[in-house]
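What follows is a structure written as structure tokens; I'll ask about it next.
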């Protein structure tokens, strides 16, 4: 589904990403781990198109999207969220999702019929809210949800773009510890229903080991280790990078 | 939704329209002209609010597009007096203001916050300078007289201007106003309107869900400017004479004043504001030479004490009286 | 007790950032605040400084409730803060940046008692940088200025946010020395860090923060002994 | 003649610099575009005209110093009242409220001036006349213009010294650069904000005071100056002192030479420069985003 | 004591003037007049001038002051046909937009008997058509645009407005009179420049002056035309440009603060060493500038409105007006004050004339009819309102000269040029431009 081939990214003279390759298949949930400053955010921006790689290629469904703009990539099926929730806070929960559905259907530039008049889009949006257990909040403004529900809505919006590839940046950051599994259950369930290829940036090993099939460990711009969560946890090099002393 | 047309808002609108249509039976012709002025300015206030409330940017130079619409009518009359029909005049004001706002807007929407406000203000001043400077072409500061037009071939020669204003033209203004309000209501509730609000709420996210933020803001700017142009065109007949002052920054500031006076958080707020401002301003000038103390003082008090404007204040009051239910949403 | 935070909740709009955070600092202590990026360390520090207004809970400094005090009055009573990104004023020289602290603290009843020499003692390199504009400094140099600028406020408690982050190992050692010297001047420190590694060498005690909650408090050794905690803050 | 054109341009630049300096400081430190700035300038003009009128017969410099001092004190006092009562609640409010309240204050001050001073124009040209003219390369040139340029240079130097060298100025610049950090440092924000506003208002007053010997104080005199000051600040960069200086010189010299060689373009050219700069570099020549 | 006598004299005279105006058939209508009753309620007169903004000081307030003074004087005299004048002073603020709304309110809601007003040409153009539209009597008192009452092409239909009048002459006469004066005193002039504000007033003034001077003195070369923005405070650049042009005469329609500022700065820069000003409405400024005002400049008076003309011994009404005004307001009246006098007196005279014809209180239309061809005395001589509803006046151009009697230069009594109205005003039905074009130079 998504393929990253020998991607290098340099800022001025410093190499932030230094020859990274990986691929993620349909229905796969992969975690990207790494200490602060390892280049995770840069990697995400390279995939979403907010940065252009210095060299290397990025393919989606076999198509080269290395030089596509973020907008084109969205239209081709890459969706992402952010570590900090970004909602349309003054719009209703339904409108948050419906806007994304309409965007996916290329119907956002329509001026006259009310958004509620787009029956199919509305039904689709309601269905997505159903999948994410948010239907009871449909008419509330986004700002009035709890943190956990906001995170879920955030993911639901990304999901509504019907992506082939989903980038989730810390989907549970800011969620109370007690709620994090509930939030992840909802998200992973929903993803499972569509079979989207997913890359999750995460540091919470509980989440990684419970929800991700594979793990990539990024350190100083290269992939240091890869494998199942258990394999990576047992890899001493990965252990040192992730949990060890940096001196 | 199916009940969209039968919602309480639709009922309210129907009621308001009936009241407007019955006003000539109860109101003196003079007040009718003021209502007419208020209604035509309300179209502009709605236009400004599309940017302020729904796109989240403040234009301090919307007089430029109002003037574009009004001057389209004026110049049409000046240079093609034989073809001076109302329908052509309206088309001209829509077209010219759309063109001007598309041009100015293209520059403005690349910026937000104070930069946006300053840029719009500077462009309005440029428009003013052009209208006044191009004396040979626009009549300069003396402005242009707007006579009665023909209506789809009907000549109005037998009619005194004032009879026309408080007679047929009143209904035309109400009609155009009602149509404009409905169009704007449709726009803010349309997918485009929602997308616009999405860009206001969170520009980063909006881009991430595939909204072209600048392009959408530009569309909004053009719609907004065209509403102002329509307003200017309709108003030019009410006033009968246009001068470059309507593109100056003071008038542009007054538009913002209207919108805030009515309350910009509620869709209908700007309409109320335009109406109230028309009365406030005129009665202050007619009452005392120190009218600026009244108009300015009202503004200061409004900003300090009633930031939600009149409709916001009423909604807040209503919400307090009915605990447990939120106020209306825009 | 120097500082006591009691059950502090903090919200941004309706999003809860801090959840019932309580912590204490006694005189002469270096206390660690450990947790991942975004765990809430900076929010705790900003709440202590009065830059964030807690919704519930109280903050007591020198046995006085300062929960409602302005940042300025907290600074004058002995709190100082060096933020994560240093925030050195780019158009001011190093001298001016540091003097800001001296000038502010001269508004205290007892006046300012910081001398530039004290700064040079802690960071000798400052002498060379003295007339450079803040904007031209490297990251590490900025951190030095930020710490010294906070010290110039003659504080009793210094809040240092991520003072080690992004520093070369040699410089980190230098900063650790500096911290010990600052403690020697009778100033307590709260040190926020995203991993225990370097911090463990200077802190007496640490709090582990995650998702805006305090998970644990204890000595670095106790934290290292707990596998779950080391997963969060490293070893 | 070229020298004279340049001098004219410099004089206009001095006038612009003086009247936009305060606007620029307030915009920089507070982030508020003060639409009432021109009204503070008008207060300065009327007060100075009043004092000069009272002191008929005194030496020119004494008149000017008294008038300028009185104008600065009064404009500053009005600024003080305005800031502490009306603007203080606005800092946390959205842009539209900030702009509109200064718009409201502008109208209030306009009418207050009329209430206090009456609507008649006030002439105060005694100092201008007393200073006479000198010959420069065969052309007569009024000494008063040179005097204004001198005072403006002094005022500019003073503000530069204040901002660059004094405790007060460095703190103000710290606020301008990074409001949050300045607050975290315990810098007395409230007090300094008031000081900056009063300083800006007093500078507006000084501008008004220095202009009345050349042109009468009339109602509404502030509106036009506001537009000119606005153009300068926009060109130079929001809140940048260097930008204000460069903007003033650019506008002053451009205008002088346009009038000499292609008079029809005098005003449109200035607007065009402003718009062009805004389009290309919306933060102005020296502004920071 | 002396003032009292003056007033008594004046009252007698004003009465005589009223009689004179209505003398057509006083005897015949007297019986009729007695039958129809005249209401006792006061007459509502709205006086609109700039009371805020930069035009308030030079025009609005002197005009408004004269309105107040005359309303007071007429009221003490018994009002108009026994009805007191209830004067409502209003601000000509907010541009044509607000003024149109305000005029509608005054006519339709407040039902004022007459509107005397407007300084700005734009406001006049916008508002005067409302007179016929709404059926309200309107007397434009000061605005100068020559096209207000003229049609686009000659011959045009007169009057343009049945109920709309202008009670002072338009800018055409100022600029034509200036050209005539220049022809008389400097027939050999070669180079003329113009400095006029960059809006309709300045453009129109220059337009007429240029037409007239080229017709009268074909050898003249226009060496520079400058268009400073209105309310400019610094004219140094313009002054240098004028010096560089070598102009001998500089035409200007600058007014108010702009005129004062320009003269002051030009004098200090030595402009008057090489050139003379020809100011189309320069009359008020010697008084404003005092002894600093340069001598030898051509000043036109927007008619023959000057506090020393007609001479007091020959025209006591001017003496009375000037002294009364000076007593009340501490200044000599300037032309806007004379214009205000003309407006309120035109109304009074027309009402009295109409009443004497039809009896009782005349209707608006009857008053308008009476005003359509009215001649009455003013402090400046005779004012005639023509069938095009536009006033005609003689026009005075003087040359400034310092004397020992006043602290400011006056118009040299030896060189007062008064051009009779037929020489400086186009006849009704002919546009000013076409009229000038038809001169045999």
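Order as written gives the chain letters A, B, C, D and E; numbering starts at 1 within each chain.
Just so it is clear, contacts are C-beta pairs under 8 Å (C-beta built on N, C-alpha and C of every residue); 3 or more make two chains touch, one makes a residue touch a chain.
Just so we're clear, the structure is a prediction, and the values are computed from it rather than from any experiment.
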For chain E, the least number of touch steps when starting out from chain A:
2
Any chance you could name the chains that touch chain A and chain C both?
none
Averaging each chain's C-alpha atoms to get its centre, pick out the one most distant from chain D.
A
Using mean Cα positions as chain centres, tell me which chain lies farthest from chain C.
E
Contact tally winner between C-D and D-E is D-E
Approximately how many whole Å separate the CA-defined centres of chain B and chain D?
34
Based only on mean CA positions, could you tell me how far chain A sits from chain B in angstrom?
43
Roughly how far is chain A from chain D, centre to centre by C-alpha average, rounded to an integer in Å?
53
Averaged over CA atoms, how far is the centre of chain B from the centre of chain E? Could you give it in whole Å?
39
Residue numbers in chain C touching 2 or more other chains?
none
Touching two or more other chains - residue numbers and ranges from chain B
133, 291-292
Among chain E residues, those touching two or more other chains are 51-52, 198
Just spell out which pairs of chains touch, all of them.
A-B, A-C, B-D, B-E, C-D, D-E
Touching chain D in the complex: which residues of chain C?
49, 51, 71-72, 74-76, 81, 83, 87, 89-92, 96, 99-101, 103-105, 107, 149, 153
Which residues of chain D touch chain E once you look at their complex with the stated criterion?
1, 4-5, 7-9, 11-12, 15, 110-111, 114, 119-121, 123, 125, 128-129, 132-133, 139-142, 144-145, 211, 214-216, 218-221, 223-225, 255-256, 259-260, 263-264, 266-267
Provide the residue numbers of chain C that touch chain A in the complex, in ascending order.
13-17, 19, 36-38, 165-166, 169, 172, 194-195, 197-198, 210-213, 230-231, 234-235
What residues of chain A sit close enough to touch chain C in their complex?
35-37, 83-85, 89, 143-145, 147, 150, 170, 173-177, 180, 203, 205, 242-247
Going by the contact rule set out above, which residues of chain B touch chain A in the complex?
1, 4, 183, 186-187, 189-195, 197-198, 200-202, 204-212, 216, 219, 223, 329
